[in-house]
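The two complexes that follow have chain A in common; it is paired with chain B in the first and with chain C in the second.
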Partner chain A sequence: MDKVNIEICMGTTCFVMGASGFQEITNQIPHKYKDQVDICFKTCLGFCQNNEYNKSPYVVVNGEVISEATLEKIINCIESNKNG
Partner chain B sequence: MKSSFFMEIDSFQKKKYNQNAYGDTFVSERFHDEGRLVAVLSDGLSSGIKAGILSQMTACMFLKFISAGRNLQKASETIMNSLPVCRVRKISYATFSAIDCDETGFAKIVEEGNPQFLWIRNNEFLDIEPLKVITSKKFTTRKLNIYEIKLEPEDRLVFCSDGVTQAGLGSMKLKLGLRRQGLIEYLRKELALEPNISSRDLSRKIVDMAEDNECDKLAKDDISAAVLYLRKPRMLMVFTGPPYYADRDQEYAKVLSEYSGKKVVCGGTTANLVARELGVDIETDVLCRHNLPATSKMQGIDLVTEGVLTLTRVEEYLEYPERVKKDPAGMLVEILLNSDCIDFMVGAKLNQAHYDPDLPVELEIRKNIIKKIINLLEKKYIKKVSLRFM
Partner chain C sequence: MANKNQANHLRREVLIRTIQSFLSDNFDDKVETIPFVMRPKNSKASYRCCIHKERAILRDRAIAALGGSLEQDDDMKSLSSYAREAINRTDISPEVLTILSDACHGCVPSRVFVTDLCQGCVARTCVGSCKFNAITIVNGRSVIDSEKCKNCGLCIKECPYHAIVKRVVPCEDACPVGAIEKGEEGYAEIDFDKCISCGACIVGCPFGAVMEKSQIIDVLKVIKAGKKVVGMLAPSVVGQLPVSINKIAAGLIDAGFSDVYEVAQGADLTSEHESHDFKERMTKGDDFMTTSCCAAYNQLVEKHVTELNDYVSETPTPMWYTADAIKKQDKDNLTVFVGPCVAKRKEGLNDENVDFVLSFEEMGALFVAMHIELADCKDYIFSTKSLASSKRFGYGGGVAQAVIDVSSDREQIKPVLVDGLNKKSVRELKAYAAKKHCPHGNLIEVMACPGGCVGGSSTLNDKKISVKEIKKYSELD
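For the complex of A and B:
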């Protein structure tokens, strides 16, 4: 099965708005998903400069942009991707 | 930035073992418009607070004179004739060595009472004879030695206080102290091992060695050494912030890629811009955990960091070096301090998201923080800095 691709923005705005808390994310996601996700930090995804999106921090899960991302939102998104 | 040669100067000091103030003073200043560097090492009589005040007064007076446009000889004559004599010891209150050097390598040196400087070329110690010796009209025991020399690339000058040459005085190993010859032998050995050693490291080594030679390894006098090293400058370019006009992205990415020296990119958007224009990938380090965003790797770039937060921390570290940690800002500080000429290329485009009232107030404006960093690099760390807004 394909891995869920997670891109986490570590740009200035996202970092101060909460992405700093995602630095340990590899240890925070449930054990059962650990081998099923591919986590990647990004210098800046550029969403904060685009009014179309709501608010930082931004995380992209399999192409879907999550604004005001929290660990809970990310995990929910992984689950929905896994369960189809 | 064009520069024929860079005059790297740095010093290191240790105070007398039972004192809590330094009795020797080293000061230096660059006059960028004229491409000149002036440095003074002054040794105040005795040690502690009194010596510290005397040497600081002497050294700072020198710099004031020179900044006001007086020439070195006139300034030193005035100082030599005006320094008081200690009522108890009947000797001068402070001794000094001063150098005024330009980028072509022409150097004027004056000495009064300090050990004679050393001139090193290809690990050989050159003979130095004063051009003139001026005896003070007021105090006949004071003699001013004046030298005019032409330095060549890779030459070094070493200045020290008598704490170095007299180190170990009276000990079994060095009954007469280290003396000039002992220092020469030490330097010959060190420079053979490390021919490209920086002034910062060499001055520290000299002082440590002198202290090591003292009985019980306790400095019996203030120990100071200053090293001037004329060498090819180590260049660094810091690119931060996207240009105001996006159609010029390519132009600036090219300036960066063609720069001969180390390259640092600060800022996520800036890093993306560089990667896009130069067709390279960015890889962000997932393993590093700090309270700053992680660094990234990009081919051809020595360091890629986040922008404003990291730069704010860099400013703090430059101001308070004792706070430096091994985080992305600490890595950038290390690169900055190991460079001589630093070119800042700063994009003027604002990121609207940074003005969101929900963001912490500490989020500084890039231009301001760069201005503060440049000020510190120039004034505190005597770096040669240029700034260009895009």
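For the complex of A and C:
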């Protein structure tokens, strides 16, 4: 089964607006998904341009962009990718 | 207070929009629209009863971001007039905190009460434990008479079902010195004669109702006027953003600063001086000495524990030494300390060499507002190198260790860490002063924030990660 690809933007804007809380995400996602996700921390992915910084932090799960990302939103997205 | 708190996002967005308004060609009008841009027509309220209430609170946040006081606000004044005041003022407000009474929940007063877990047991230890006869049994359950109850909490300890709890007012609970209390209207008020600016209420309030009065507009003004503005980065800045301190400094240069210094260079002198001071005091026969670099602790001694005065090292802080060096180089330099805490603002106001103080949060907002991507910045090379031990001033234990490292008589020093000021640690400090003796050691490092500066109220990253990054950085060379 393919792994779910998670890209976490660690650009300055996303970090200030909340991505700092994702640095230890590997330990925060449910244990059952641990081997099924590929987590990758990125420098600025560019979503904060065009004044959309207020929607940061941004996380991309299998190509789907999550704005105002929270741990809950990310986990929900992993679940729908696994079950969908 | 890294990012577990949703109020941070709102506060930072308001700061960013305030900065962008200043940088635009129409400051007054842009600022005026902030609450409406953030909560446009037909949008849904995220946290409060309606968008109108949320807009009112966003207006309050913008006032604090402009450096205004909510205590003097009359609701009729427009944000644009606050913006004009910010542009025209030459002095910075002497009080550094402000309470947003619109945001304050007006929590019900702190009191002890019996929950549904009460089993109406035979032992009735609660009744037996109460010294004020405040507990009776009604319909087989314990009931506390709030008129008689003194909130002592003895019944809480005695109940075998843990059925009795104390409901707290978080800001009052967090304040180590009883400086914040609900006023007549039921909303929190700060008694500035008692306040030590530690920032515990900012962290404690779940409604984000306490804010620092920002000096960001004051700093942007002098940059715009073409002055030489020199940044001073506190040692705890390392690890606050996902790049090196050299890139953070480069970001400040991009934002218009003319030069950036590491405050660790001042810490070199602080530890040197403090180790001499320690030696002299011990030779004189003193029992202990406390460190002097935490600004909130210094205010605690000044306002609440004056008997400790004789035990506090007379050593100036790293910020003092750094600002002094920058002014000596060129008296026209304007100095901006960038740090994690509220109390440094207060220290800055009393230090003629420190012109402004910004928080890490304001610095972060500045980068976002100006689209400065730190990872793309070139490394800024600091003109002065500091000792490895000075780079570790930012976490608990680092200051005492730095004093030991430069001391000629290391064996003599027995460090003790007071890790965070709270009601209990303040009592302990008072006891050391009263007995003229500290049973745990002779060099007491006092940090108002748990974990040291990395645990400050306006930090951007998790404490543990920050400590790891600081250690890594200090071992670089």
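We adopt the following convention: the second predicted complex is superposed on the first by the 79 of 84 C-alpha atoms of A that agree within 3 Å, B and C clash if a C-alpha of one lies under 4 Å from a C-alpha of the other, contacts with A are read in each partner's own complex, and residues count from 1 in each chain.
Note that in this section contacts are C-beta pairs under 8 Å (C-beta built on N, C-alpha and C of every residue); 3 or more make two chains touch, one makes a residue touch a chain.
Being a predicted model, the structure only gives us computed values, none of them experimental.
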Contacts of A:75 with chain B and chain C, given as first, second, both or neither: neither
Which superposed partner A:44 touches (first chain B, second chain C, both, neither): both
First (chain B), second (chain C), both or neither touched by A:12: both
Touching partner for A:54 - first (chain B), second (chain C), both, neither: second
Partner chain(s) touched by A:65 [first = chain B, second = chain C, both, neither]: neither
Touched partner set for A:21, first chain B, second chain C, both or neither: second
Interface residues of chain A shared between complexes with chain B and chain C: 10-13, 15-17, 19-20, 23-24, 43-44, 48-49
Partner chain C, residues of chain A touching it in the complex: 10-13, 15-21, 23-24, 43-44, 48-49, 53-54
Parts of chain B lying in touch with chain A, wherever the complex brings them together: 267-269, 271-272, 282, 284-286, 289, 291-294, 296, 304, 306-309, 351-354, 356, 358-360, 363
Interface residues, chain C side, partner chain A - complex: 2-4, 8-9, 12-13, 16, 38, 241-243, 251, 361, 364-365, 367-368, 371-376, 460-462, 465
Residues of chain A touching chain B in the complex: 9-13, 15-17, 19-20, 23-24, 26, 39-44, 46, 48-49, 56
